[in-house]
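Same chain, two partners: chain A is paired with chain B first, then with chain C.
Up next is the complex of A and B:
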């Protein structure tokens, strides 16, 4: 375990050196994600200029849910961005061999290799939005609820990572799975809004099959209302562990099916 | 004319072949776009329910569905990957292979893209329009399809395509200065998505903002054709909007030429 941390620290430091080298690139990345977020907020703002509440949620509550949903997304983006590259080109170009020849777990190595600072954009916006509206929404704050809420965050981020691992691993069979990651990952859009606005099949889909609702709406709902911690928080933890187990299973199956590609 | 056909048709064919070779990636983007449309669909449905009225700022729910899918489809059709392509070629130096050929560099890009756009129209554009018209028929009970509006849409969307191509070309030239093409891509997509009305119809925006945005080139890239298809404009406004697109097409063309002339002097290719 300590060895993993040490390796991670060294790799992350390498990444930060690269960031310092190309400051303009880092700024472009962070500013891009920041503007992307600003556009999302403008959208909610314009809708609410016409209606007082949406499916029983106030403007501030919707902003809170939106803001919270960006935190697990940003954490995963920060720590596990390299999985996209596995799906898009690392396997296709035959570069994956590199990970197999090193004396560390390939999955850990892939994830540790990139420390994607662009994600600062999402994290900053998410946290600022939550702080900004925290005065005007009635949060359910008790020592226990805060602890439960904080516990949910890493697990919520793990849902993103698990989904990316599972879809990226398909590249071991089909060489390039970037489009699958893109498709499934795109469903995180559903996590930004209350699931009550969706029809039942869609709600079941984003709760149990591609469970992004647990990576945004449900934990946020808990801290907003204090309702049903077993489902909102327990569900997040349980679902993320189940999906992580499935994802690593698929990854290991894929590794044993992997044949080097490229020239 | 014959010369153009002989010189550039192979580029178009290559564009079609690239799309077919990477069809799964293309499919991923299409399905991703549809998922996004459905999220927005539910969101708007909730908005309509919460507002209590049957129309929201002049749009009925049927209008909204039409708008969502059409604008998403139009922006996919007019989407141009030339910004990343040219960026990659600048970065790895393969752009010189284009420059030493006896063809116009940006025309060769344009024809490669046109090949892809043609395929997208057939396998994606037409089915979406068919689906939407079926939906409109099912909701209203009458055939709502208007050939004239469709024709206007086609003309306007073609202009939108040319504008979008040039705007993307300009973004691609940023690669001369910045290396984070991924970030530039996100920046470009969110700016265009918002300013072109793909995310929220410009008609919903506060008046001052709406008027400014309607005159900017981004509205010409998907909003104008979509509104034409929906028959939302009076005859005089139709003329105004299409002429505006023409003006932007010319201006952006000039701008991209200017940037290219300036940027190409900075081009330094390492290795080969």
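Up next is the complex of A and C:
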């Protein structure tokens, strides 16, 4: 385990050095990210300028949920961004060979190779929004609820990572799965809002099939209301473990189906 | 050391008719075809040997190398290296091998070369002390000093190849797989790399499997060659045996005195050799005679030539290995039809 952390640190440091080699690229990324976030928040403002409440949630509560949903998303983005490249080109171009000839777990290796600093933007925006509305929403705060809420965060992030692993691994069979990742990952938009605003099929979809609701709305709902910790927090932990198990299973199946590329 | 037994690897391929229309058809009603990129490949390599693994483009060399290195899972058959099956215990297995794919790089593209080595040091758990002596050795053999602080993307191809070989040798592998290590390099760099491979092989008893299209690589480096074509074994043996088997051919070049009026017919007359053992080409006064030295001894050929004409400059060359291999490749292709 210590070795894992050591290698992670070293690989991530390499990536930071790389980012610093190309400063202009990094700055452009940071700016475009901020614009993206601003649009998201403006959207909520526009909705609430028309209606006072959404499914029984106040404007501030919605902002809180939105802000919280950015944290697991940002953590996954920070630590596991390289999976996108697996789906888009690492497998297709045969560059995955490299990971298979090194004496460390290829999944770990590929993930550790990128430390995506852009993600700090998501984390900063998310935390700022939560702080900004924290005075005007009632939070259910007890020692236990805070602990449960904090525990839920890494598991919520794991849901993102699991979904990316599973969809990226499809590239081992279909060669390029970047757009599959994009399509499935794009459904994280549903995590930002209460599931009660969706129709039943959509609600079931984002709860159990592509369970982004557990990576945002449900844990946030718990800290807002204190309701149903078993489902809101326990569900997050359980769902993330189940999806991680499925994802690594698909990944390992994929490794033996890997066909490399001609050279 | 290395055992490959009946290795076979199949790829599914979707057959497309040409053009956009064909692509659409393939999208909705794909016609699948199974292609065996490697079929029943077997060979053994003893410790410390340099094996030349050759074959024309698309013969399946890389596919076999990728099975041996654990990148691809064989459809059937088995390989064992150092008693290990690459696919079973990949993590421990790859500690014992080094891999260089000439057309790819495992170096960190955007960072100075030294960074790659310090990361690999951690990945392969090389101790500080070992790392130092190892870098000193590799530095000496591959002459990395002049560019070790430059970002990898700025290296020339020759520098990059040397850097890649060094990267694959950092953890003292017992087996080194080199897939076209001299591809695209100039003569001086090629020579440099060959020297390095020889030195590594000699000093550390590293077993080397080398694929190449460069005949000089084979002549200078390889104790033995395994040749494959269309996924199958074609030849397995030493270069010397190959030469003995196919290499009775000699080539004689000479320039005849224009006054003697020599023609190919005149040259052949009186030699008493049948057509299958000798061919004569001539371009004005320049003659190129290819003959089988088992049937027509070199001395006889020389004497005969000198008796029919006066020559300026005459030479007899050994069979060209390139020629032999061309024959073998062609034989493989003909045998197929």
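The rule is short, and it goes like this: the second predicted complex is superposed on the first by the 261 of 263 C-alpha atoms of A that agree within 3 Å, B and C clash if a C-alpha of one lies under 4 Å from a C-alpha of the other, contacts with A are read in each partner's own complex, and residues count from 1 in each chain.
Convention: a contact is a pair of C-beta atoms (placed from the backbone, for glycine too) under 8 Å apart; a residue touches a chain by one contact, two chains touch by 3 or more.
Keep in mind that this is a model prediction, so the values were computed, not measured.
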- Task: Assess the superposed three-chain arrangement around chain A: do chain B and chain C clash, or do they fit?
- Result: fit
- Query: Which of the two partners, first being chain B and second being chain C, lies in contact with A:6: first, second, both, or neither?
  - Reply: second
- Query: Is A:64 contacted by the first partner chain B, the second partner chain C, both or neither?
  - Reply: neither
- Which superposed partner A:54 touches (first chain B, second chain C, both, neither): first
- Message: Let me test your reading of the model: by the given contact rule, A:31 touches which partner, first (chain B), second (chain C), both or neither?
- Response: first
- Task: Pick one for A:259: touches chain B only (first), chain C only (second), both, or neither.
- Result: second
- Counting only touches as set out at the top, which of chain B and chain C does A:149 meet: first, second, both, neither? neither
- Message: Quick check for you: in the superposed arrangement, does A:178 touch first (chain B), second (chain C), both or neither?
- Response: first
- Touched partner set for A:22, first chain B, second chain C, both or neither: both
- Contact breadth on chain A, by residue count: chain C or chain B: B
- Item | Shortest CA-CA distance between chain B and chain C [superposed frame, angstrom] | 6
- Both chain B and chain C touch chain A at residues 22
- Please name which positions on chain A make contact with chain B in the complex. 22, 24-26, 28-33, 35-36, 39, 42-43, 46-47, 49-55, 118, 176, 178-180, 182-183, 186-187, 189-190, 193, 197-199, 202
- Considering the complex alone, what residue numbers of chain A touch chain C? 3, 6-7, 10-11, 14, 17-18, 21-22, 94-95, 97-98, 100-105, 256-260, 262-263
- Going by the contact rule at the top, pick out the chain B residues touching chain A in the complex. 24-29, 31-32, 35-36, 38-39, 42-43, 45-47, 49-51, 56-57, 177-180, 182-184, 186-187, 189-191, 193-194, 199-200, 204-206
- Over in the complex, which chain C residues touch chain A? Could you list them? 11, 62, 66, 69-73, 87, 90-92, 94-95, 97, 99, 101-104, 106, 108, 110-111, 115, 118-119, 122-125, 151, 179-180
